[in-house]
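Think of it as A, B, C, D, E and F in the order they're written, each chain with its own count starting at 1.
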Amino acid sequence: MAVELTRKIRFCSAHRLYNPNLSEEENRRVFGACANPHGHGHTYALEISIHGEPDPKTGMIVNIDELDAVIRKEIVDCVDHRHLNYDVPFLEGVNPTMENMVVLFWKILADKIPAGTLSRIRLWESDNNSVTYTGA
Amino acid sequence: MAVELTRKIRFCSAHRLYNPNLSEEENRRVFGACANPHGHGHTYALEISIHGEPDPKTGMIVNIDELDAVIRKEIVDCVDHRHLNYDVPFLEGVNPTMENMVVLFWKILADKIPAGTLSRIRLWESDNNSVTYTGA
Amino acid sequence: MAVELTRKIRFCSAHRLYNPNLSEEENRRVFGACANPHGHGHTYALEISIHGEPDPKTGMIVNIDELDAVIRKEIVDCVDHRHLNYDVPFLEGVNPTMENMVVLFWKILADKIPAGTLSRIRLWESDNNSVTYTGA
Amino acid sequence: MAVELTRKIRFCSAHRLYNPNLSEEENRRVFGACANPHGHGHTYALEISIHGEPDPKTGMIVNIDELDAVIRKEIVDCVDHRHLNYDVPFLEGVNPTMENMVVLFWKILADKIPAGTLSRIRLWESDNNSVTYTGA
Amino acid sequence: MAVELTRKIRFCSAHRLYNPNLSEEENRRVFGACANPHGHGHTYALEISIHGEPDPKTGMIVNIDELDAVIRKEIVDCVDHRHLNYDVPFLEGVNPTMENMVVLFWKILADKIPAGTLSRIRLWESDNNSVTYTGA
Amino acid sequence: MAVELTRKIRFCSAHRLYNPNLSEEENRRVFGACANPHGHGHTYALEISIHGEPDPKTGMIVNIDELDAVIRKEIVDCVDHRHLNYDVPFLEGVNPTMENMVVLFWKILADKIPAGTLSRIRLWESDNNSVTYTGA
């Protein structure tokens, strides 16, 4: 009887899509305006989903306030109001595409949340673009 | 060739998270402000999903107006503009967390909708908090 | 050169629309299901607007973090996760309609924000219902 | 390590739900106001999801601009600002329910996108009504 | 002490922008794809605003259920699931642009609502396009 | 009989709030995390409102496609996927707060749109923060 709970938190970051192993020309061809040198930015929305059987004592599968605190400490406080290419230790050397970010977020959170309960991460960079990762 | 159709309906309810088998102190520790004695409230959004093969005659897996009528009669009319801890017979003795509510909603609807067609229930208590249940 | 800045904050409250000077029957007739005895609830959204000339030193008419702190201290912390009919001193004896709430919120905030800068308060009880007050 | 990327695009179309093999009376009974002779319309939102392993060179599973171009050329440019019952060759003879549309959109896109990468299509005709198809 | 209350209701209509006094060529030049012969459609959102002093007895400037009933009877029931160019008596001979619609809606409602209380009508044809009219 | 039409367009930019005439310490005190050296970013939404009497020939106060083209050419193409502190000629030397941006946008657009028709500019940096300017 597994229920999935989803918590959404927003953060505001700058980033630039760029692969230093590619030529300037190829970076431009692959990433378009996303490769502009000084970067651009997004109001990201991050959805973290936990699944499990509701605890009969609390009727909850997780305490949302505690989940929120973990997400903020491990991820949001590290990326919010930062430039993802320069300011975030766990993104060092990573091209900050939505796909790379969501896989990294999973690795970070999976260690901080009871084993097997993290079920889904969705990251929105705008109302029209998002990625979802379920860990495999 | 199963398509899933989702209908969203809103309702406005008060509730209090509280377990009478726990001490006042533990209720406060577990549920925080959600345990405030007189309750608080939400503009809930309820999404009911049905899946199946579209009927060749109608091109639909379910008539949305008929589905809407069932959801309103069986759930929304019972909880809308009510206090979930006092006014809803099927929630009597239940701590009205999103998790408990979505499992109960499933049990109620599964009996009123053609067998095997109910596929997903999602309940939002705010834009940032939701739970999803798929029946197992 | 006045710019208007708007900050939105959400809160979750229970309330009941009821006038003790009217009969039960008339309360029911006027307020419908909103008069149900134990109350219902909403995920409210509160928008506070400040207007003024941007400060040449900061380029801002108000520091959003400071504005946010005032709104939270004076209003949101008092109403969030409360029953508006029982738990909020400044609403004592007030029928908590959106209209009455927004006028009271204005009176409270006008004293805590530099004179003449409060320009608009909008209160949403759902995506479909809202009221706006501009102080006169 | 499959990530799913979703792109949302809107289009504005008229349509009428009607099955010429049914009597007028039965069309009215089954489709209600959706069978009104001149049709009605929606601001549709179409979400196309692609899944796959991020390319190590780009950090992306698909270039969103290229995906967007395919969706526009194959679907959106054909249906936007059209009457779905009269103006769209690939909908000829099809009753344009959300269910029928989403299955047809799948067939069209599956041929234009690298094999096995199309993972989900969701079509919204309003904030409250949507269908999802995953290809089987 | 005037408060403004806003009620939002949605409707789904088809329409075609076309002026029979212009040539086909000029209709095409002026209205673009909006002049396509069979029409297209939108999920419209209509916001009706009423202003006035809250009634001391009710704390409300208008009963939302009663306002809702007037808007539905006078406007929404006439345009919902209709083709605006063919099915709506009060739009006969009118080019159904958002601008023309909102002015006509005003004329209709101003007669059905207590004099001087109608303060604003906003009509959205999509999340990105809207018009507002305040009666003068 | 003036109607106001509003067009919304989104853009994605990085920026840093910083006044070079203030000390590092004061920049930090005034702008908080918004002064982080490499900047952060937002998915901005820009709403441009035009008012006027509908043209009897077209039923419109402005052609939305033409308005859209002007907004894109004069503003959105200059700021989208850019760092507002480095990449935008018309923002050179300007601290890119929402307030400063909206006033500058007004000056730019007022020269490109028929005199007296620009009525309102609203700029959102998130769902919760926005500014509005009406030109005086």
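Just so we're on the same page, a contact is a pair of C-beta atoms (placed from the backbone, for glycine too) under 8 Å apart; a residue touches a chain by one contact, two chains touch by 3 or more.
Since the structure is predicted, the reported quantities are computational estimates derived from the model, not experimental observations.
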Common touching chains of subunit F and subunit C: E
Option reproducing the contacts of B-C, where over half of them reappear, out of E-F, C-F or D-E: D-E
Chain located farthest away, centre of subunit A as origin (C-alpha): E
Furthest chain, CA centroid comparison against subunit C: D
Chain centre separation in whole Å, for subunit B relative to subunit A (CA means): 28
For subunit D paired with subunit F, centre-to-centre distance based on mean C-alpha positions, whole Å: 34
Between subunit C and subunit D, centroid-to-centroid distance (C-alpha), Å: 41
Shared-contact residues (touching 2 or more other chains) in subunit B: 127
Touching chain combinations (by label order): A-B, A-D, A-F, B-C, B-D, C-E, C-F, D-E, E-F
Subunit F contact footprint on subunit A (complex, rising order): 10, 12-15, 33-34, 36, 38-43, 80-83, 85-87, 125-127
Subunit E residues touching subunit C - in the complex, by the definition given at the top: 1-9, 49, 54, 57-61, 63-65
Residue numbers on subunit C that touch subunit E, as the complex places them: 17, 19, 21-22, 30-32, 94-100, 102-103, 127-133, 136
